[in-house]
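Both complexes below contain chain A, partnered by chain B and then by chain C.
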Partner chain A sequence: MYTQGLDVQKGDVSIPLEQGDSELERRFQAKIDADEKIEPKDWMPEGYRKTLVRQISQHAHSEVVGMLPEGNWITRAPSLRRKAALLAKIQDEAGHGLYLYSACETLNVSRQELVDQLLEGKAKYSSIFNYPSTTWADIGAIGWLVDGAAIMNQVPLQRCSYGPYSRAMIRICKEESFHQRQGYEIMLTLARGTAAQKRMAQDALNRWWWPSLMMFGPNDKDSPHSAQSMRWKIKRVSNDELRQKFVDVTVPQADFLGLTMPDPALRWNAGSGHYDFGEIDWEEFKQVLQGNGPCNRERMRDRNRAHERGRWVREAALAHAEKRRARAAAQTTAVAAE
Partner chain B sequence: MTADTEKMTPEQQALFDYLLRLGDNAVVLSHRLGEWCGHAPVLEEDIALINVALDLLGQARSIMTYAGEVEGAGHDEDALVYRRDGFDYRNVLLVEQPNEENFAVAIVRQFLFDAWHYELQTALLQSSDARLAAIAAKSVKEVTYHLRHSSEWMVRLGDGTAESHGRVQEALDDLWRFSGELFEADAVEERMAAAGIGPHPQSLYAAWSETVDRVLAEATLSRPEDGWMQSGGRNGRHGEHLGFILAEMQFLQRAYPDARW
Partner chain C sequence: MSERDWPLWEVFIRAKAGLAHKHAGSLHAADAQMALENARDVYTRRGEGVSLWVVPSTAITASDPEDKEAFFEPTGDKIYRHPTFYEIPEDVKNI
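What follows is the complex of A and B.
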């Protein structure tokens, strides 16, 4: 799963847009222009570092919060095979979260700081996970559409200028493609199943389609930091281009399923060679980002509750490790004294 | 759905019952572990608990497929898991005990089970039933890891802070009454032992007890007194929790009986 083009919001001034032209900065940009990777020990502008920390941590948080709507169906998965696949998928996502937090730590920020930012509501995660997963078909739709949109976003990031992020993406993309195929296969089984199953699949498509399109973030004209991110090769393809590509790929897949896209304006445009589609409800997008989506409060409450309920466990693990260290040290001292 | 006892010989019936006991333990405990997903104390533990849940689910699938073949009534793994009611479930009571959003409960339940499960799977390597021995060969590697994982947490929590020590001791005192059922012998177990298919349950006790003592000592925890032991799960007499597990787990298969997933 993936975070989205909510990396930097319009009107956010915490990340400077201007770039200086010191010798260090010129050399940095030259390296990027030559498609070389920036590694953790290399010099980098503060804006570059901050943009990356924000983007990678949002992505990590999205993986972790994304476990909740899918985890919601583990205990109700309809067969042992589906249950095993869902467990494995969520395990992959937790692994992506860990992997991305580690990539972030190479930028001099601790995982603890990042997790605290999430729990305090200061950090964003993908808005898609603030929608509820109400039927089994949602597990199919999330895999097909949400992971599908994630892959669109992530494939270009494999070429991101920052080495650790780029390498994380290569690995993550492989697993996401697998998840996407699994999701589509769930949809296919439902669409070819009983009338009730087909209805379930259509209902899931109706609810997840528009939020999936929102995953690509605001229109390019409303995304002020995109140009800078493009120059830095943190972002490599624009929000609107990715969104269009996703629509073009997904519409025929829906046709194959025999499902109807919930967009009356959707039609093939022979002139442009793309599908035209209706206007996204940006007010809904804005509201979800501001915390007013159907499940924002539940997701944050769940994360905070798990964190609170686990506090004594983490404290015990630290205390025990400290005891072991102390005992080992005492033993070394005793041996030395003999 | 009930087992069609008329078509099976007494040996087949005993083997079928025995396989259901093994399979149901794995299904139910895997389910309880799955409930932790996204709610574990640290991300690493989300991964570890899911991992154990996945292993147990994989074991359950192999065992249930075999059970369906032994039964010979055309039931596949899903038919056996999703279409039996509680009184036909054969898991021990220990595995159905709820998490109560308490990591100490999850770890103690897991540890008491793993210490036993490890001995059981090791013994099953020698089973005269080739299929069961093959399943054990794969399972024993997984269970070795499970036991290490739960033992390490017993030690961390027991020998961690005063709070963690208190919580894990309380969970241990509470769950101990379900440990006796693991070693109970009845006609099914006796028949399996006589045929060399499974170990006699009591033969697993000494090694289990030794593991428990060793880990509890390192964890600075006290072993509870053996009081009255609860039992009945292996014969279909469960507590109130199992019904809710099944209501949740079987919902889709029951609500859409003609659907394939």
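What follows is the complex of A and C.
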């Protein structure tokens, strides 16, 4: 998912995951087991804090980088209605990034550190945003599939044990459903349009389907951090379970569009009551996470450039605030002297 | 690389007249005016409020969760502060 990078860092010893047995830790786990929320100033194990910082910041970075593939189409949206919707959606993503950075900052890490980690390439964001958006239909496919997958992951996260993260997820989920619907509407319009438009929709589906499935992260058996995250209720549902749910929901939606999922192994399994689907190309997943996807370099370049170009604005705002403070102070002194 | 962060502000929203302002989240802004405008842009994009407060986070004094038990303890055994403490026969009409 937006935080899938967390799952693949095998042998990462920077996050202490072993469960201690001190009185504090026992009480902490008892609170979690009783479905109580943890709030910023409560005692928490270092591993819990670090896992959250990494997960929430990856999630925030994903929202921010996620604006880039969509921003690519703002000026070329086919109508004013589509353009207004796309702009509103991208604004939402910026807002979601902000909610998440704020939640993360309650864990004693500064915004500056988090932003630096992203810009210096030390932090991960979702693999999905390293794929190009080459046609207008991609905007439809992103809304339908990428936001659809995000919703599927984020709904259970509303019950996350960490209060600020859970509250951010509640806000985000409320706003996110329009994203998915506007995407599906774009797909539906194209699928019912001319033969060329339908081909464009099918082509977008072909390119976005597998990367969307990768959003849920590695298979459960290859997801070393999952068990502890589940125990801490930072993660509520496993990668494979969520992925299966996503497939089960989206396959009938594709049927309705008259489009075909690019997976010859995909078929309904009456025995299990789920769709069976083919093997994901995990090598591609690994490559994209390691920085070798089609757009990794471009995304990092664009983020760095935008941050650099905004520097004077950030500095000017501080200088302006400082000037006004000084002026107000001088006035107060003058009044006091009279 | 590093530069100075804008100060942190806590955002409170009144959803409609008659309700209290409720904490919605936080944001960074250079000054109070900018904090208000940014709060409007990120926290009330869908008509969530009719009034906004922004407060510098550093201006908030909070109780310490470590002392939670001791701090709130005095109220724990004062059950006579609740109406259910008093026994009134069932056939007496409520006010």
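Operating definition for what follows: the second predicted complex is superposed on the first by the 330 of 338 C-alpha atoms of A that agree within 3 Å, B and C clash if a C-alpha of one lies under 4 Å from a C-alpha of the other, contacts with A are read in each partner's own complex, and residues count from 1 in each chain.
Rule of thumb we're sticking to: contacts are C-beta pairs under 8 Å (C-beta built on N, C-alpha and C of every residue); 3 or more make two chains touch, one makes a residue touch a chain.
Small disclaimer: the values here were computed from a predicted structure and weren't measured.
Chemist: So, A:144: does it touch chain B (first), chain C (second), both, or neither?
Modeler: In the superposition, A:144 contacts neither chain B nor chain C.
Chemist: Between chain B (first) and chain C (second), which does A:42 come into contact with in this model arrangement: first, second, both, or neither?
Modeler: In the superposition, A:42 touches chain C alone.
Chemist: Once the shared chain is lined up, is A:120 touching chain B (first), chain C (second), both, or neither of them?
Modeler: second
Chemist: First (chain B), second (chain C), both or neither: which does A:209 touch?
Modeler: In the superposed model, A:209 contacts neither chain B nor chain C.
Chemist: Taking the contacts chain A makes with chain B in one complex and with chain C in the other, which residues are shared?
Modeler: 88, 91, 94-95, 98, 311, 314-315, 317, 320
Chemist: Quick check: in the complex, which residue numbers of chain C touch chain A?
Modeler: Listed in rising order, the residues are 1-6, 8, 25-31, 34, 41-43, 45-46, 62, 64-66.
Chemist: Going by the contact rule at the top, pick out the chain A residues touching chain B in the complex.
Modeler: 64, 67-68, 71, 74-84, 87-88, 90-91, 94-95, 97-98, 101, 136, 189, 193-194, 196-197, 302, 305-306, 309-317, 319-320, 323
Chemist: Given the complex with chain A, which residues does chain B contribute to the contact?
Modeler: Within the complex, chain B touches chain A at residues 27, 31, 34-35, 37-47, 50-51, 53-54, 57-58, 60-61, 64, 77-78, 81-82, 101-103, 155-157, 159-161, 163-164, 167, 245, 248-249, 251-253, 256, 258-261.
Chemist: For the complex, which residues does chain A have touching chain C?
Modeler: Those residues of chain A that touch chain C are 39, 41-43, 88, 91-92, 94-95, 98-99, 102, 105, 110-112, 116, 119-120, 167-168, 171, 175, 311, 314-315, 317-318, 320-321, 324-325.
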